[in-house]
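A short worksheet on the structure shown next.
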Amino acid sequence: MEFGWSQAQENYRERIRAALRELLPADWHETYTPQSYASDAQIEFSRKFCPQLAERGLLVRHWPKEWGGEGGDDWEQFILAEEMKVAGEPRGPQYMNVNWIGPTLMRFATPEQREKYLPGIARGTTIWCQGFSEPGAGTDLAALRTKAERIGDRYRINGSKIWTSYARKADMCFLLARTGAGRKEITVLLVPMATMGVSVTSNPGLCKDGHLNEVFFTDVDVAIDARLGEEGQGWAIVTHALSFERTGVPRYHVGIEVLGLAIAQLKAEGRADDPIVRARAGMIAAQFEAARALTYLVVDQRVKRAPENTDANVARITALDAVVELMNFLVEFTPDCLAGGDAQLEEYYRINVPAGVTAGTYELQLDLIAQRGLGLPRG
Amino acid sequence: MMAFRDSVRAWLRANLPADWKHAMLGASEAEHIAFQRQWFCALRDGGYVAPHWPKEWGGAGLSFADQIVLYEELARAGAPRLVLYFISLYHTPATLLAHGTDAQRRRHLPAILSGDEIWCQGFSEPNAGSDLASLRTRAERRGDRYIVNGQKIWSSNAQYARYCLLLARTDPAAPKHKGISYFILDLDQPGVTRKPIRQMTGGAHFCEIFFDDVEIPAENLIGAENDGWTVAQATLSSERGLTILELTERMRIAFDVLCAEANNETPWGGRYIDDAGFRRRLAEIYARLEALRALVSNMLDRVVRGESVGAEPSIIKVYYSELLRDFTALGLRMGGLDAQRIAPVLMGGGYETGNWMHDYLYSWSWTIAGGSNEVQRNIIAERALGLPREAPAAKPRG
Amino acid sequence: MEFGWSQAQENYRERIRAALRELLPADWHETYTPQSYASDAQIEFSRKFCPQLAERGLLVRHWPKEWGGEGGDDWEQFILAEEMKVAGEPRGPQYMNVNWIGPTLMRFATPEQREKYLPGIARGTTIWCQGFSEPGAGTDLAALRTKAERIGDRYRINGSKIWTSYARKADMCFLLARTGAGRKEITVLLVPMATMGVSVTSNPGLCKDGHLNEVFFTDVDVAIDARLGEEGQGWAIVTHALSFERTGVPRYHVGIEVLGLAIAQLKAEGRADDPIVRARAGMIAAQFEAARALTYLVVDQRVKRAPENTDANVARITALDAVVELMNFLVEFTPDCLAGGDAQLEEYYRINVPAGVTAGTYELQLDLIAQRGLGLPRG
Amino acid sequence: MMAFRDSVRAWLRANLPADWKHAMLGASEAEHIAFQRQWFCALRDGGYVAPHWPKEWGGAGLSFADQIVLYEELARAGAPRLVLYFISLYHTPATLLAHGTDAQRRRHLPAILSGDEIWCQGFSEPNAGSDLASLRTRAERRGDRYIVNGQKIWSSNAQYARYCLLLARTDPAAPKHKGISYFILDLDQPGVTRKPIRQMTGGAHFCEIFFDDVEIPAENLIGAENDGWTVAQATLSSERGLTILELTERMRIAFDVLCAEANNETPWGGRYIDDAGFRRRLAEIYARLEALRALVSNMLDRVVRGESVGAEPSIIKVYYSELLRDFTALGLRMGGLDAQRIAPVLMGGGYETGNWMHDYLYSWSWTIAGGSNEVQRNIIAERALGLPREAPAAKPRG
């Protein structure tokens, strides 16, 4: 494994940074959610920002030339992701477009579907949302209940989806629906959000201007050409799609930045010489460094087309550990900052509470490692 | 003692509004405050609002043992926590009875019982944490008044209070613990600015208070000038473990809720109670909770017998705050995705309302309210282990 | 719950202390294992010590008068246990005699058996060992394989037992053997160790002069009157016997003492003002205090004949937590003491490694709490 | 690089005694030492014992990248750890090559390679822990000699060594980091007493060394007088991560043993791998191990490229020592009652021999050898976070 960046990669990173300096408004960090959490304003901003990025050849550079890219490798996708994450993800929801929705369409869509959807993604003009989670189904996709009933050459969709980030503003939904009773009889449908019978309700989320959306499908009628791949192929498509995401969001950049802010605060208060502060902060920094090293390893393996393993899960666990430790550190040593004292720290805390504590994410990752990585059979 | 317990239970059955949780779920701040007043009046009329006050000042003059019974029963009945009146009912009378003048007592104690006067506390300051003694708010004597300038933070419910128990520095040249005085400050006057601290839960339980040339008549000094630190000790020890008793009993009841939720399905198949890891985590939380209850019971027993309690209150606070955090985190974890929704909050419902995201975020406010764990651990090290007070250079902020 | 000691209890405690001052030799702490870990020397010492304690009416005071006691309550048994533990358990193996072997015989033995065995216990002259654990059976008693075959009016015993503390020096074995194929067809036999066919092998244990014994039974022949209770009643007898032990050994006394020694050392080195040392030590002290409070609660419940619950398990878990924290503290802050620097700290560490880390003790206690205390059914 | 890896593998297949683990299991100290010598000679004859030494001194002069390959392969082949020669092969040459005189080099380096000279290190002192700079052993100049008095502790294998790399104070009046000098001390002379430290595992890996008017000729001073602290830096950074690489690779291999043991029955029924709690614990240990390997690989890569490594060695040491402890504790836990038996020890087998009780007890010796975690955490705080060096009053011992 080589961790040095090539000159071409450094140049590419610098081009991205230059574009960010040029394209982000002066009030970007104040006006828009600094950590990309699906506020309406940020989604709208992406409609302006992404086309400009595309014009500069930086939105989908890792895509094949046929679809507007430069055929760059996974490192280029990753460098883009790092820089965007550090900048507060001005691509908004469109990071999904370029990371996995586009590539999945390239693999499974008909020529007509590709012509219809890929240019909008490559130009940065379409907002997609992901219709996976359902009330009561937890994160077990196989348990979903939204139904797509085949009636002649159409599907009739009934059901609802939750935690659908960006749904309030999305143009299209990448929807998973059940087309049979079997555990895996699941099909992907590409549904325009403007279709009759689709409605969205929103609850305020934990983050500033963030929303927890629920999407209802009531007798929604779509033509058969809205289907991606074959009927019943949904499971395979989603597995493939998620594999594009396996490096996950590079959490370490923001984590290290936030730790630095907290330490600056403690220094200013004259508390940085407290051995407990030092010991805890030191270990958190170490954990983020380990997460960074692991993430690079995962990208490297992807670039080399190595067979899939659990390193991505290991990277996530390591990053999650670091995030949880950092949050406990913030609560214990800088409580003022979390209550209006520092907007960036507070926002970071809000965003990461779900990541660190809820939803069984942690257990799921560990169980995946135990099963696939360690080959421990279940009894 | 059984008789007293029975009478409390009977009174609660008759007087605790059966639908209060329904009414307070997602209630507005105004509705919450109104209901706090209503519950205050109900308790007062029942003779339970000031169980520890001497009879001559309108209290019930209950023995400490009976006070324990009362708080156990309030917790077990799931009664609202009377958070709005905590300072008024505990800190103010304890301070005035021990160090106040008779005029001060006569002016304020009846007014508190009438429900007209709400008090808050002005102790903590920004960047000083719980190391109260390093406070910088100044009170300068000018004739028969003091002029106050400075800032306080983490003052509970100050936005609803009329009076503030204020610690301010009157002799900047004196050593840290000297030169501090203790005042009654009227908040309804020019120069006082109260700014609610918007918490992550959306609520604003705490305020910052700013003082800009605020006047205090000299008669509002409690105790001698520069003797505020001594006076404050009476304030801080006034509730003698009853709060923590109430909180642990509430947690014990909430634990059953947690167990019931362990019947939920996990995202990886099966229920939490069938998952060895989660079963043990629950049992571990239970063991810690029972250990805490034993410690509390032990301490209260010593208070009843008039023995000194040493480091125990600090031990118990650290224990409780760490347990509260892990308790609510486990609830959040077993709540799955649904727990991410910010559900309506049960106003006045305490720390384990079953709205786990709220409870988890709110748990840190206990740490602030109770004095940071760093400070508590130092007290433990000193009192329980006889370790020397640490060198100033390394003193953590508390 | 009242935690004050009555004057009578204080007097009783003082009588025990006086007896200890008088009876323990000057070199007790140096020559004999300070923490009662089954050294040969300590077992032999108990043959001298226990009769002297018995003479003073302090060995079995909580027993009924009929068998040499004073009919004292569980608090008296407990106070005796506390004082003996603090003194390094000079009763050696005979703590088992007075705590549960005697009481179990009173309940289940025939009049002849009582006459035969109880006086030796009450006078402090008999050493018993406990033949429960077997190789490969873990701590699951129902899985044991040592067989007692009924042949006419005799039993023929074949099998082996491990972890049989004191077996090298014991007179009698309280043996569990299988008398049928069923999961609970288990019977208790009282077997003299001098019986033909009983042999003991020993391995050095982790502690100074401690031994890990294995006891082999090869065609051991005992008369039917060696049986305690009915055939197949073994499970019920053992459950009853273990209930006498449910307060467990009061670990907190020694733990607090050891913490004190470590702190004295750190003070001497000028390291007691390190905030990390202070924080960790403070919390360990708190945990031991909690364990003490819980243990008292359990004894109180026994005195009041309250129905059994899981408080004893809770007390054990709390004490184990404290012990493990204390051991980590010793390793991190006083490593010199564990390598010849302080015999008492080192011995404490050795003794408690198994308690804290091995054998699934911790998980078993938690699982018992989950099952019985919380009523969580298994799926 | 593959070619070099292949040749190492081939050599190991031909030269590593297939039965060495059998022979060293429960071996006596004398047998262990004899086998260490034998393995040293085999490696030397193969050209692998001093891969990092310059060719002019008889080393292989391998690139750092090839050294990495060598240590990976030694670990993966389960070769014995050459613990007896660690100081001789790393610290002594690094120190002499950087700061020694040519005469010192000529006298000692060939003797080390011949196998005749074993060295130990005299750095740590009692009650000073890893805060080396506060050492109190004195060396007083008298004419052309120094007279040494004092005591060292935690010196690995000093009982077998002929020479000691000694740090001693030559100017007591100077500030802590100044006034220290660095010497070559001949241990075979009157006034030197070596006392093995009997560890809980029964072994005696470490010694105390006492100096009572011990003489050192002035020519044995390394570097300038009072400049010992600077010289010591060369010693401490000499192996540049190769040890930790070897140790993490060994742990990776031992992890498979741990997984295999997870097939054992639990005392509560079923196997450990079917218990959700233990499955996750295993996965968590695995995740930490992989994170550590990524950190090590990352650091070595920077060393290869000639970049500076900042706090990384300290980060890695803390990570490793905490993981080693948890790793062996999990092995012990899953070993059940049987793990309580003190089984024979695999001499020279490293930290994870599968004899879990031994391994668990032995794990703390790494902490001592590697510098305490307290000290490491401080280095991390300073170098990685830019936190100021802590105030002396609060300095933990290391």
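The letters A, B, C and D name the chains in turn, as written, and every chain counts its residues from 1.
By our rule, a contact is a pair of C-beta atoms (placed from the backbone, for glycine too) under 8 Å apart; a residue touches a chain by one contact, two chains touch by 3 or more.
Only a predicted model underlies this, so the values are computations on that prediction, with no experimental measurement involved.
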| item | value |
| --- | --- |
| Maximum centroid distance from chain A, chain identifier (CA atoms) | C |
| A-B against B-C, pair bridged by the larger set of C-beta contacts | B-C |
| Whole-Å gap separating chain A and chain C, where each centre is the average of the chain's CA atoms | 57 |
| Distance from chain B to chain A - Cα centre to Cα centre, in angstrom | 41 |
| Gap in Å, rounded to a whole number, between the CA centres of chain D and chain B | 52 |
| Chain B and chain C, separation of their C-alpha mean positions in angstrom | 44 |
| Numbers and ranges of chain B residues touching at least 2 other chains | 276-277, 280, 374, 390-391, 393-394, 396 |
| Interface hub residues of chain A, defined as touching at least two other chains | 273-277, 279, 363, 367 |
| Chain A contact footprint on chain B (complex, rising order) | 126-127, 153, 197-200, 206, 265-269, 277, 329, 332-333, 335-342, 357, 360-361, 364, 367-368, 372-374, 393-397 |
| Touching residues on chain B, where the partner in the complex is chain D | 275-278, 280, 390-394 |
| Contacting residues of chain A [partner chain C, same complex] | 274-276, 279 |
| Interfacial residue positions of chain D with respect to chain A in the complex | 259, 262, 270-271, 273-274, 276, 279-280, 282-284, 286-288, 290-292, 294-295, 297-298, 301-302, 305, 311-312, 315, 318-319, 374, 377-378, 380-381, 384-388, 390-391, 394, 396 |
| Complex contacts: residues of chain C adjacent to chain B | 1-4, 259-260, 263, 267, 272-275, 277-279, 281-283, 285-287, 289-291, 293-294, 296-297, 311, 313-314, 317-318, 363, 366-367, 369-370, 373-379 |
